[in-house]
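Some structures to go through are shown next.
The two complexes that follow have chain A in common; it is paired with chain B in the first and with chain C in the second.
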Partner chain A sequence: MSASFSLPRIRTLAMATVTQLLRMKIMAFLLVFCVIVVAAGFAFPVMNPEQQLKLLKDVSLGALQLFSIVIAVCATALLLPRDLEDRTLYTILAKPVPRHEYLLGKLLGVLILIGAGLVLMDIAFSGVLWLRQSLVLAQSVAALQQEGTATPEAVAQLKEFVGRQGLTWNLHLGVVAIFFKAAVVTALTLMISCFASSTLFTIIIAFLVTILGHGQGLIRDYFLTGHAGVVKKLLSALLAVVTPDMGVFDVVDNVINGETVTPGAFGFMAAIACTYLAGYAVVSHLLFVEKEL
Partner chain B sequence: MSAESPQPPAVTVENLTKVFKAGLGKAAFTAVRDLSLTVNDGEVYGLIGPNGCGKSTTMKAILGLVTPTSGRTAVFGRPSTRVESRSEVGFLPENPYFYKHLNGLETLLFYGRLCSMSGKELKDRAREMLALTGLEDAADRRVAGYSKGMLQRLGLAQALLHRPRLVVLDEPTAGVDPAGSRKIRDLILGFKEQGITVLVTSHLLEQMQEVCDRVGIMAHGRMVREGRLDELIAVENETELVLADASPELLAEIRALVESRGHGARVVRSGHPRTTLEKLFLEVADQ
Partner chain C sequence: MKRSLQALAVLLLLGIAKMPLEQAATREFRATGLLSEPMDLGMRENLSQMGFAAALGGLRSLVATITYLQAYHEWENVNWAKVDSLLQLTTSLQPGYANYWDDASWQMAYNAASYYLYDEKLQPMVRGRLYEEHVRRGIAILKEGLRYLPDEARLWNSLAEIYERRSHEPELAAQAYLEVFRISRNNRYRRFAAYQYAQSARPEFWSKAYDILHEAYQDPRQRTPSLIDTLKTLEDKLGIPTMKRIPDARRSMEVAPTELGPIR
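The block that comes next holds the complex of A and B.
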């Protein structure tokens, strides 16, 4: 007798998904990312210290976002249709595997891959930022010494300034926010692939909804406060309902500018991400359980 | 004193109808109409019929892969809609594909884990199945490099991995060469000896004839004939007598006897029985 919910089975499906994506050379993105980070870290040495560090953070966190969203959409969109086309799905679901376990395994697999990729890229990014920060500090202290203004107070002030613009725990919270956003996009894409007729359709719709989701706050405000006609109101209401509010996870700019992510704000992001994940997972199951194979 | 409840059949299909909805403006398609069949424990049941007659849909309904529009299907008494019904079933789909990034052994380990197998038991069983299907030497090769016949045998290995009591085979010999096809036939006969129930579809009717206890013939989504194979194919008013090393004189005597004392019986034909092209191919290939 098989249990209707088995963690080992979900883990098996998740690890198979990770292996499948890894062997599709999807992590080649990591190499591209490292090249971008190193290039951003050591380019434009004529800029002032603040600009140099800001540029590095800007480019690196931007690349992290791009990596996570592209993987979330493309990798997830490939999984279900490919299993269906290859009839691998038949042999899996002909075993005592409930459909919700199959979906959870796929979702978890993509999330593990994105999470691991982000951790590796965060480590690379942190390393380069720390190196750059040390270099900038040493150069600035040397410049102060040349000018004869390297008083202990001035050096301490400089260290504090560079430290604030350099590597902080806050930056890692920004990376976690990027993961939350990617997780929501992954769950959304999985849901779309449960009813989509092709991989291309899934990718296009998922990207479209993700882009619209970044303006969901505006769409919502338009519906609540705008004075448009009934059609525009209905359209904005529909868009506000079907798109996730991606703006909630947009803390990267704040992090780059040295602002602190409060525990409350972080908890709010985590709660919203979990709600979206759960909601999309439930809808995916409802769609998938009815799917004729 | 309690009376023992009778063992439920391996497969029960009762008044199964499956209608596939079509897109907007298109008519729905009825793949299976009011189909009923029973596969008893330990028998080999062949489901045959032309392409598109509803065989695969029936199999999918039995496996819970499609939901019946009406009627019910059950495996060992458990409704197919319940996941538990699949715990004692092994399924080989037509032209199976597996994750190309895995090798043969990894594929079996993956499917074994889905059946809640683990550790040494799983590894030993996977090796055993690779040996049974003749894939030992290809165990470490990626599935992407497997031939059609090898994929079919790997499919059979994954279907048997968890020691199922029922094996469902959809066109198990499709695309397989005669030697591979014969091997699969022998495996099915082996299942029968072990008491494993087999539900099989195939277009190779000669092979079906060799392995099946009962057959059902489907057309246009309906069961048109069903019964024990020997009863279905017997020509009621003819009797076959096969002689070895019979002289022409003896044959002439038999003919004369039939004509003189036959009471209406007559010799319809005589001559040398033909071997099959498959048997000839296998003999030549073996040499």
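The block that comes next holds the complex of A and C.
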């Protein structure tokens, strides 16, 4: 078996993974997402323009986050057991494909699928938000015209106000932050599936660690600044060490309210995501190499 | 077995190495407003298990939207206690969004207060008491919001309006309007503050009002009827010598009617 590192082989494995997941009809969630976005976009027309646009952003980005995490956990948890069940794994590993390339191919495949899904959902969300924003602006300008106060300055001010609440590049950076989080969850799930005995176990543990990861900041603060006994301190230290900090990617909540993702903040998130991807990939490899197939 | 131990060692090393990076990122993101302060665990009592897990799981904004919509539903049912509790939950989930604080305060200081004031089933004393309590609640909500958003002109303006129109505390209204002026640098709010000082029962505030309005008077565009009228009243109250008084209001309006600003 070759110990070399072949990018074309990894690419082939990644594309095969994408095909495999597409055949599982995993992208059906896109349809559900579109229905949610359209419903959120045109529900509650009696609210003021700012609240209507905020509601659409909250619901859409919340759904986007939820779907990306669910897909990251479920799709990844299914991969290894399915390959074992179909005996595809034996066929692949019988060829000169090192185990780490197989794992990287699988990881990359899921990441491509989640990335593509997020791009499609972002396009659908942006389209509805832009449409809603245009409608809100047209209604507000019409109201000004009816009152006879539609001066060019007033209309420009209104455009700026609605524009700030509507579609901005910053929202797309929020979507990238969601992708970073999903990528970490994918790598984490792949690592768990390398030692798990069943798919159900992988899914449950991955969700549990993901939820714990959202409170990792609190656990870390407790460890670093809390005044507790030795046992509690040790336990919090252990939890802070083994769980990833998912909260650090939760910038989308405040991005909706107009906060800007600076290049520094973006770099920080990218660095943390890459650290986890690399770390979990190494651990996955070490576990998978020893796994009896 | 050897590989498993190596995996465990890498996992622990990764965990230790990442901690300073995560701590720095969290501190930086909180300082720049990208991340909210950690959620109060006491909220668990008010949120459903699912809602709490969702809020903890990075969906705080979505959960806040849901509790906000629930509050509007309770408003339709005229259940003021529930409206207050749901909006309190909403503002706790997203303390950085001024609109939630403004809405929560408006519900209490205007809607709930007026509802009780005109409720004929209640004794007049009780009505007055409930009106007062809900106006105070509205003020408390805005003050809490301003702890998180001290430079939010919109919240200061709402607070000033409640002091002016609901609790009739002109000195406090003036202070709040001066905060709006500090943030927005819009002279209009300085004038509003002066009008409030002028209504105070305490003479030391009249001279403050006089100074602000007299300064504003120097700009012909700010010589609104309200400003001239209030200045004239203050001149009488403070006993300003005739030579230092402004010309007759009617005459000043006739001289430059086109240069007058808006009514207030």
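Heads up, the rule we're going with is that the second predicted complex is superposed on the first by the 290 of 293 C-alpha atoms of A that agree within 3 Å, B and C clash if a C-alpha of one lies under 4 Å from a C-alpha of the other, contacts with A are read in each partner's own complex, and residues count from 1 in each chain.
Going forward, a residue touches a chain if its C-beta (ideal position, glycine included) is under 8 Å from a C-beta of that chain, and two chains touch if they have at least 3 such contacts.
Owing to the predicted nature of the structure, the values given are computational and were not obtained by experimental measurement.
**Q** In the superposed model, which partner reaches more residues of chain A, chain B or chain C?
**A** Per-residue touch count on chain A favours C.
**Q** Which holds for A:E160: it touches chain B only (first), chain C only (second), both, or neither?
**A** neither
**Q** Tell me which partner A:Q20 touches in the superposition: chain B (first), chain C (second), both or neither.
**A** The answer is first: A:Q20 touches chain B but not chain C.
**Q** Is A:K181 touching anything from chain B or chain C once the two structures are fitted on A? First, second, both or neither.
**A** second
**Q** According to the stated criteria, A:T12 is in contact with first (chain B), second (chain C), both, or neither; which is it?
**A** A:T12 contacts chain B only, not chain C.
**Q** Let me check the overlay on chain A: which residues of chain A are in contact with chain B and also with chain C?
**A** Common interface on chain A, chain B vs chain C: 290.
**Q** Going by the contact rule set out above, which residues of chain A touch chain C in the complex?
**A** Chain A residues touching chain C: 44, 50-51, 54-55, 58-59, 61-62, 65-66, 181, 195, 210-211, 214-218, 220-221, 224, 240-242, 244-257, 259, 261-262, 264-265, 268-269, 271-272, 275-276, 279-280, 282-283, 286-287, 289-290.
**Q** For chain C, which residues count as touching chain A in their complex?
**A** Per the stated touch rule, the residues are 1, 3-4, 6-7, 10-12, 14-19, 21-26, 28-29, 32-36, 38, 41, 53, 56-62, 64-65, 69, 94, 96-97, 99.
**Q** Help me check something: in the complex, which residues belonging to chain A touch chain B?
**A** Touching chain B: residues 1-2, 4, 6, 8-9, 12-13, 16, 19-20, 23-24, 86-88, 90-98, 290, 292-293 of chain A.
**Q** Which residues of chain B touch chain A once you look at their complex with the stated criterion?
**A** 20, 60, 63-67, 83-84, 86-87, 89, 91, 93, 95-99, 101-102, 110-111, 113-116, 118, 155, 158, 162, 168
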